[in-house]
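Order as written gives the chain letters A, B and C; numbering starts at 1 within each chain.
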Amino acid sequence: MSAPVEIRYNGGGTIAPPPEETFVLNLGPQHPAAHGVLRILMRMDGEYIASSDIVIGYIHRMHEKMGENRIYAKFLPNTSRIDYLAAMHYTHAYVGAVERAAKIEVPLRAEYIRVIADELQRIASHLVGWGAWIMDLGGLTPILYAFEDRERILDLFEHICGARLTYCYYRFGGVCNDVDDEFLRGARDFVPYMRGRLKMYRDLVTDNIILRKRLEGIGIMDAEMCRRYGVTGPVLRGAGVAYDVRRAEPYSLYPKFQFDIPHFPQGDSMARYLVRMEEMEQSLRIIEQALDQIPAGPVMGKIPRVLKLPAGDYTYAVEAGRGRFMVRIVSDGKDTPWRLKLRTPCFGNLAPFEEASKGMILPDALALLGSLDLVIPDIDR
Amino acid sequence: MSAVAAAKEVLLGFKSLLVGMRITLGQFFSPKITVQYPRETLKMPERFRGHIRLVLDPETGASRCTACKLCERACPSECISVDGVKLEGAKTKSVTEYHLNFTTCSLCGLCVEACPFDAIEFSKTYNAIGVSRSEFDNMDMVRQLAGRREVWLQNHPLPPAAPAMPAATAAPAKSAAPTLPPTPETKTP
Amino acid sequence: MIEYFISGPGSAYTRLVIYLVAFMAFVGLNAAYLVLAERKGAGWFQRRPGPNEAGPAGILQPIADGIKLIAKQVFVPPGVDGILFRLAPALVLMPAFMCLATIPYAETIYGRNINVGLLMVFSFGSITVFCLMLGGWASRNKYAVISAARVVSQNIAYEIPMLLVVLTVLMLTGTMDMQKIVQQQAGGFWNWNILRGVWTLHNPLVPVTFVIFFICMLAETNRAPFDMAEAESELIAGAMTEYSGFSWGLFFMGEYANIVVSCSVATVLFLGGWQSPIGILSGGAWGLIWFFLKLYLVIFTVIWVRWTFPRTQFYGLLNLSWKILIPISLGTLLLSSALIKIL
């Protein structure tokens, strides 16, 4: 505590508070900033954070253990609930891992449906992250506009699988229901509508001078810090590293689509913000291309009645809304996995917070926390 | 920074504020998207996942379920319990008890897919209410089906000597849930 | 006896009583229904209807809120400064009343026409911040004190550009008597102070001064996007944290009363007060209608600004005042004085 801490904004300077002059502020498991059950113990010198300690585990639900206790098919509902905002991605990773291990063929139409659903899910997830973050900063209106767009996406999902948040839509070998023309039309209409909305968000929020002053230069996490903590996703791309699992470890049909990987070198909260807005635009591009190319055909491949994976170690990684989500299945030949490991992105994304928030003033630290776009159940699984 | 750059930033910043205000004013005069539930309701899509229920076969007016227990085995949360008897002259068993513990059901749909006879489907009930837990942790699907069968019988009078639904077994009846009120007639917004 | 009070020398007392009751009713109704207007406005900006269950279109919502606040337990935490804690909510409405007394609502409807009316408004307006500080200080809570100190520094920082801007307008009008200021703006909306300086070339930057006045008014009344004092209570407690029930309600009413006062002053100074925009129909009750129309238009803009923008950072707020608004308002003041001297 007596080590000097640098104040990094608006003038600089150092603070070196003796321990008896600091107090502990507990950003408790319950707080109105919509992150989830996360506890941060911040040792404060007046308004500056001298150090912080993160306490997680309040929502540890033992998903990995549940996976190891059940046959492969019975874990499907859990996958939607690990990170409920990126449910399609997580189910995709699990289903992909099992298919890769058991060498199950997925029909082409099912792959296209999966890509469309994944990209719609990415847009929906970014809308929530963006809206909640702006709400933390005091702009209480954009979250409601974001939720109106999200309603359209959720209506599309409800049309194909009947659920709005926890889908359980993918199965081993494909998807459980075919999509009809109404969904394809709805998805096609959604793209220009969303483009118009993205333009509105740019005018209303991104270009807003108050927001820019709030985010530019705040919470700088450079590429080297991100590498040390295992950060992935928009947080890493906001630090200038163009790492996207869809290009680095291509899966599904992504090699067929043309899309850019938005990345900005500044590493501050504004860069992470811009990465997310650009990613929504790129997702719309992918959806358009997928809708153009989707073939007719079956949506479910052949799977054995009792699914037993051959013994071995299988992984499958996807680019979820928040970063790289990887499923690792270690199988010993039985019909339940020996080990099911879920590598979730938010755990790595939260890790640099302790170092990045040293010397920050409290509201800026909260803006930084919002820019990491955390879903706490994803950290605790 | 130089005075000109500072002045430019102030002016552009102020312009961004005005642009933002114009957008919210446009939204102010746009129609409201709230659906005033319960005075207005939304139409549920066809594949909406309410709790599962037994399918009423439109030709026989009975359930297609043969109590094969495939759904019971497919369920990840172990919330279904099925039982059935084989009546005389019937080829397969008929279901006599079908209990769903809705408090642990995760609406995953694995049971609906596992059923080889298409005997269970998702209902469209989105507004289920009850005053005690027992109305949800032991939903009696057979009794609910009997309620719908009554409605079916009004339009399809039975020919004489038609096979009746199997009566419940002699085992003491578990506390069954009353039939839920029907989902109100919806109107699209 | 009755004649003494109506047309005789006692009519001054009658007038006093009527105006007292009218002002209290005005402030009370405004505080209550501005809350509803804000919530409905927030709803409409967010594409939802706002409160619409209590009474048709939510008209009875403030009554429901009032009953709820009265029914809440007024909890006085142990160890607070007994007198100051209880005094602060009561004092916070007082400056608003005093300011309202000098504002002309129509040609003949005003409380007291003082020839330094503007000075009185600003003197009393500055007292409000003391009541907030008092409330924060009296609650034995270090976060409340920090927050109250911030409110004070915010208010001081924004008093300066506000007064500079008002000085600029005073150069146009030449008088501090509010009734005379409004009477000078007769004849149509081109004669209103906001435009008069432009075409008479006394000060072509008067619209800019109006914008600066508006921003300062938002900061003085702790409205978004400058509402750190009340919104930062999400994280650290605000100045009013230890108040519950109707005491908090009084602070809230004080805030809305301040908004009404500030918007009234803006209307009188810049938008022509009770003058009609077309030159005719300014007399009698028409003046009142025009005044309220303009007042509520300005209040709508205040609500509009709140629900559009995120909050500024505290140092951003102070930077805006000291580094941007003060130089600009000094510039317009110098320009105005130079042009008036020359032309």
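One rule holds in what follows: contacts are C-beta pairs under 8 Å (C-beta built on N, C-alpha and C of every residue); 3 or more make two chains touch, one makes a residue touch a chain.
Because the structure is predicted, anything quoted here is derived from the model rather than measured.
Asks: Is the number of contacting C-beta pairs greater for A-B or for B-C?
Replies: Most C-beta pairs in contact, of the two: A-B.
Asks: State which chain is most central when centres are taken as means of Cα atoms.
Replies: Per-chain C-alpha centroids compared to the overall one single out A.
Asks: From the mean C-alpha coordinate of chain A to that of chain C, what's the distance rounded to whole Å?
Replies: Between these chains, centre-to-centre, one finds 45 Å.
Asks: Using mean CA coordinates as chain centres, what's the gap between chain A and chain B in Å?
Replies: Between these chains, centre-to-centre, one finds 29 Å.
Asks: Chain B to chain C: how many Å between their CA centres?
Replies: 54
Asks: On chain A, where are the residues touching two or more other chains?
Replies: Counting only residues that touch two or more other chains, chain A contributes 141, 145, 148, 204, 208, 210.
Asks: In chain B, what residues contact two or more other chains?
Replies: 14, 17, 20, 23-24, 27, 33
Asks: Going through chain C residue by residue, note those that touch at least 2 other chains and give them in order.
Replies: 45-48, 307-309
Asks: Under the stated contact criterion, what part of chain B meets chain C in this complex?
Replies: My answer: residues 10, 14, 17, 20-21, 23-25, 27-28, 30-34, 36.
Asks: Could you list, by residue number, the parts of chain A that touch chain B in their complex?
Replies: Touching chain B from chain A are residues 70, 73-78, 141, 145, 148, 151, 155, 158-163, 166, 168, 171, 176-177, 200, 203-205, 207-210, 212.
Asks: In the complex formed with chain C, which residues of chain A make contact?
Replies: Answer in residue numbers: 10, 25, 27, 31-33, 47, 134, 137-141, 144-145, 148, 204, 208, 210-211, 213-214, 361-364, 366.
Asks: For the complex, give me every residue of chain C touching chain A.
Replies: Residues 42, 45-48, 146, 224-225, 227, 231-232, 234-236, 307-316 of chain C touch chain A in their complex.
Asks: In the complex of these two chains, what residues of chain C are touching chain B?
Replies: 41, 44-49, 211, 304-305, 307-309, 324
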